[in-house]
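In the two complexes below, subunit A is the common chain; its partner is subunit B in one and subunit C in the other.
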Partner chain A sequence: MKVEAPATLDEALACLQAAPLVPLAGGTDLLVHWPGNLEAKAGHYVDLWALDELRGIRRDAEGLTLGALATYWDAIRDSRIREEFPILVQAARQVGAIQIQSRGTWAGNVVNASPAADGVPVLMALDAVVVLASASRRREVPLDAFYTGYRTTVRRADELVVAVRLPDRGNAVQTFVKVGSRRAQAIAKVGLALARSEAGWRVVAASVAPTVVRCRTVEAALDAGDAFAAPEDLLPLLREDVTPIDDLRSTARYREMVLARVLWHAIAEAA
Partner chain B sequence: MSPERGSYADPAVDYHVEIAFTLNGAEVRIRVDPAERLLDVLRYRLGLTGTKEGCAEGECGACTVWIDGLPVDSCLVPAVQARGREVVTIEAVDPMRLRPLLESGATQCGACTPGVVMTALWILDHPDLLETHTVRELMAGNLCRCTGYDGIVEGVLEALEATRDTEREPA
Partner chain C sequence: MRSPVPRGRIREVRFASGLDRSELVVVDHRDLTGPNEVLLIEPDQPVLAADRVRHLHEPVLLLAHPSREALRRAVAAVEIVVDPEPPVLDFTVDPPPGGVQYGDDNVLKRLSIDKGDVETALAGAARIVEGEYRTGAQEHVYLENQGMVAWEEGDVLVVKGSLQCPYYVLKALGHALGRGPDRVRVVQAPTGGGFGGKEEYPSLVALHAALLARKAGRPVKLVYERGEDMEATTKRHPSLVRHRTGVDVEGRLLAQDIEVVLDGGAYVTLSPVVLSRAIIHAAGPYACDHVRIRGRAVFTNSPPYGAFRGFGAPQTIFANERHMDVVAAAVDLDPIELRRRNLIENGQSTATGQVIDDGTDRTALLDRAVELSGWHEKKAAHAELARRHPWRRRGMGLACFHHGAGFTGSGEVVLASRVDVAGLADGRIEVRSGNIEMGQGTLTVFTQIASEASGLAPSAIALAEPDTARVPNSGPTVASRTVMVVGRLIERAIEDLKARLGLPPDAGGDRFAEAIRAAHAERGEAPVGTATYQPPPGVEWDETTYRGDAYAAYAWAVYVAEVEVDLRTYTTRVVDFVALQEVGKVLNETLARGQIQGGVVQGIGWALMEDVVLEDGAMANAQLTNYIIPTSDDVPPIRVTFEETPYAHGARGAKGLGELPIDGPAPAVVNAVARATGTRPTTVPLTPERLMERLEEGRADVA
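What follows is the complex of A and B.
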């Protein structure tokens, strides 16, 4: 196993241009069961953890910028985020516990591309934009266009996610619901982030499709002012948007029903 | 996740690197294999076996140490990332600070205890955390299959109370 240790972002991008290395940030996903993971141990990595220029959370007129090394704990301890983007804090507090929150990064959660991610749904509901850089160029991709399938993204091998940006839209509604087998330290059976801003409703679901997904049929109905008398009334719309499966954590039927119910309650509370 | 789209290291080449970091207040210099975790270096290279390995997946918290003042699972930290950091392990703890935990039944078999103590002392050192969090939430990353957690939570609360009393009556 080989790990490159660049001292600057430019050096890191040069490493990535030379070879398709695996970017390593807080390690909370990559190092799981590390001693027995022979394939991972044969890999070639680029360690980002020393790149202070990627650390921290910045605010400007356009909104919030989470540097690629901004952790969940950074967001939890930020009083302005607590006030302006409370769902970021709600989701962050449900990612493992302090030991994970202190190392896990928002950008790492985005790139890891798990359909059961907790950070991704809230970022997507807030219209996050992923900032990618390579040695030769920089580009921005809306998070809802970042995933191409199960654990695949539009990131090219020479690119690094350097930041995640959130526009300032004054989201009047922000709700995050995670359904797991227990309150702490669980992986989501169903995740839901709901937001409403001047741009309209955002309904984002986790663990019910190959990627975290926006439920655009439901969003359109909410934007049109449709009302739903019962959770079951949401099911025909949700079936257009999500494709849950049976797996080790839950069943398709349970996920669909629970998503409809938590969504219905979240909408009712927001009204 | 496997580096399926990544490039591979040459198995015939030695990729060991030298790192320096502060461990329990003292400078440490050591050559490490990049595949070693901080936990491995602490236990098997430096002989600090107080830090335990439980699940190896960031769930149980038995391997909790502090890096730059924050609790982390040392099973999920590549040793090379300790470079330049300040690491504190259970070996640095003043045994007298454990009294409230012992008296409240916060420990039974002891497997989780070093990790529990590292998180508990972090809470005691930062009582302002309790303005936004409960002790139970802050301790959620330390699994214990003996105590049922009540003893642990009570121990932390009693220690916090004792700290406040000491502050009220300066010696």
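What follows is the complex of A and C.
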């Protein structure tokens, strides 16, 4: 294993410009497969952990900025986030357990690009924007346009995520539901983040498609004021938006049914 | 290096060109110096597959290297080439043509129990209630993976590792390596959990480590990683149990007709004895004059299933106790009342004709557990919740059961366990047994037993390390036998030591210590007392007819679960649990509670989430992220209550309790889910996916 340890963001970006190194933040995704993974062990990494300029959560007139090293724990202990973006805290509390919550980063969760992620759905429901930087430029990509397929993103090899920004929209409705195979330390079998602001409804689902996805057909129906008498009535719309599969953890049928049911009850409770 | 397919003929072992073999040690079946057999019940399991493989991950070749990295590279550079044959993977159906791989019909063992005349009794029954129940495999998830170190000391091969049964390992090593017991030595290292997973499997690990150490001419350490441990080692036998039960109009059991089928996997290993315990517990703690139980363990091309806490009983007890609720619904009786009418009374007999007369009042246990659980008050609250809440549902369920302690039938007589107690020069005593500590508290309780029996302070009790060069064979650490059977041997060996020193049985403490020191001074060697197992008087068992006293003693229990089901997600959470048991005598309250709580947690896991996903007969979800066991947040506080009716032939009145708590949670929890949801589930683990199917099928009558 080789690790570069830059002291500043500029140095880190220079490293990445020189070679396609693997960024290492909390390491809670990158390091889990180590015991038997020769390839991961032979990798070349750039450790971001010392880059204080990426740490912390900031607020300005436009909203909230999560630095690339902001952890779940940073959100949990922030009383204003608890008030303004309660689903961030709800999701953070359901990530792993306290060790992972204090080491894992929101940005790492975003770039790791797991379809079962817990951080991504709540960020996406709040219209998060991913801020990317390379040695030569900076750009912003809406999180719902960040993924291009299963575990692939628009991030270029020379880019780092430097922040995730959340616009302040006064979301009146915020619901997060994680359906895991047990109550803690679980990977989501179905995830749902629901939000409503002046921009309309956001319905984001996890573990039911190659990426975390916005359910735009359902969103459009909700924005149009459609009502649903029973959870099953949501299924035809959801089938436009998600493509669940059978795997080791669950079945396509379960995922589809349960997504419809938690969504229906969440809408009912929001009304 | 293991088989890549569930069945086939080995064509060749291919080494990639360019592989540096200078420091690589390679062992295959030709390196054995005895028969290629893992000695246990039948000689069918090879130490290393020679020409054919019968299950995925079957060991074929062993590699060792001084560098772990280099070893990983070597593993990637070796290929076992096998011509695959169609595997047999379903134990519930007859083998297809060409599928027979054991005996005439792939049945590894058949056993039956007959009492009375079942057909006539069924013909006269007011109702006949049928049911079919299934249970899945379960992984032990001991904290410490399988591991062994082997080295040679002069002419003696020493193996030290994580294991429950030093003398099983010793015999297996001697057999396959062609060495007498004086040229092999097995030492148990304090073991990080076993649950039966370190009963028979460590013999294989020890053989592999020993073969490598011998060939390498230096010590070899062989420790499994979690993934390999999960996919290659034993698990609880999957089961299918069918019940046909005749009852009269009052709900009294007239006849129990039971069929038990276990998936044995690819080799016989311990399946015959697991089947034995399964069928003996299959009719439950009830009095019924006409019982027929047909059991079989069946070959499949799966890694062999093996010992796991409960040893066959949890499977049949799940079926029986779930079925009792179905019977109760069929005759429109409360499930508590149905059980009360049928629980065995002192003087009545079990399925094998064993007359129970141990002074325990089983009906009182039932009533006490029901009362502790708040059953009747909660029922009303649950009905109210169902009316009020859109998706939360609650229900209660219970299970009545028993568990026989020690080896089945004449097993303890055959074992003829021995314990020695030596007096040390300073007046302390040393207990010498092959029974081991794996987190369950053997060291503490043995110290207590020896201290009580000798009148010496706990600090004056030494326990010898389980090392076959130093301790006699006191039998394996399995079958809830350690305290009851071996603990009693410790008491008797201490009595024997006193007698040899010319002391009366009630002499203890300083007088005993003084006599030991004097004997040392006089003879210059340690005086040793010894005890060998004697069956309690009046215990009789006929192995051919399966009639008689299947176990010298039973622990009795009633468990009650309260669950909450989320109808949005079909997820079940156990919110309250009462575990009431009669165990003879509790010797150490903290440890006994720990055993019950741990067993209940493991039972809740098996009931609701521990789902071994099989692909090509082996575990596909062999990672702790995908094989789900309960966390502390998934179990409620477990309310443990003990009742005591001392058992005359166990140490200080104790009966075995280690396995008991894994028997009751699954039926209690699933009965509670049935009640909460108005469905009739018949399978564990009852995952949310399976419960969804049940709910989608439409609701049967509430059972």
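Everything that follows uses one rule, which is that the second predicted complex is superposed on the first by the 270 of 271 C-alpha atoms of A that agree within 3 Å, B and C clash if a C-alpha of one lies under 4 Å from a C-alpha of the other, contacts with A are read in each partner's own complex, and residues count from 1 in each chain.
The working rule: a residue touches a chain if its C-beta (ideal position, glycine included) is under 8 Å from a C-beta of that chain, and two chains touch if they have at least 3 such contacts.
None of these values were measured; they are calculated from a predicted model.
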item: Which of subunit B and subunit C A:Ser102 touches, first, second, both or neither; value: first
item: Per-residue contact with subunit A, leading partner among subunit C and subunit B; value: B
item: Subunit B versus subunit C as contact partner of A:Ala184, first or second or both or neither; value: both
item: First (subunit B), second (subunit C), both or neither touched by A:Ala40; value: first
item: Touched partner set for A:Arg261, first subunit B, second subunit C, both or neither; value: second
item: Subunit B versus subunit C as contact partner of A:Leu31, first or second or both or neither; value: first
item: Partner chain(s) touched by A:Ile57 [first = subunit B, second = subunit C, both, neither]; value: neither
item: First (subunit B), second (subunit C), both or neither touched by A:Ser250; value: second
item: First (subunit B), second (subunit C), both or neither touched by A:Ala117; value: neither
item: Contacts on subunit A seen with subunit B and repeated with subunit C across the two complexes; value: 35, 184-185
item: Complex contacts: residues of subunit B adjacent to subunit A; value: 1-11, 13, 15, 17, 33-35, 37, 40, 56-59, 61, 64, 67, 70-73, 75-78, 80-81, 83-84, 119, 122, 132, 137-143
item: For the subunit C and subunit A complex, residues of the former touching the latter; value: 69, 72-73, 76, 225, 227, 390-391, 567-571, 573, 609, 613, 620-621, 625-626, 628, 630-631, 633-634, 687-689, 692
item: Subunit B-facing residues of subunit A, complex; value: 1-3, 5, 19-22, 24, 26-35, 37, 39-45, 47, 49-50, 73, 76, 82, 93, 96-100, 102-103, 112, 151, 157, 184-185
item: In the complex, subunit A residues that touch subunit C; value: 35-36, 38, 179, 181-187, 190, 248-251, 253-254, 257-258, 261-262, 265, 268
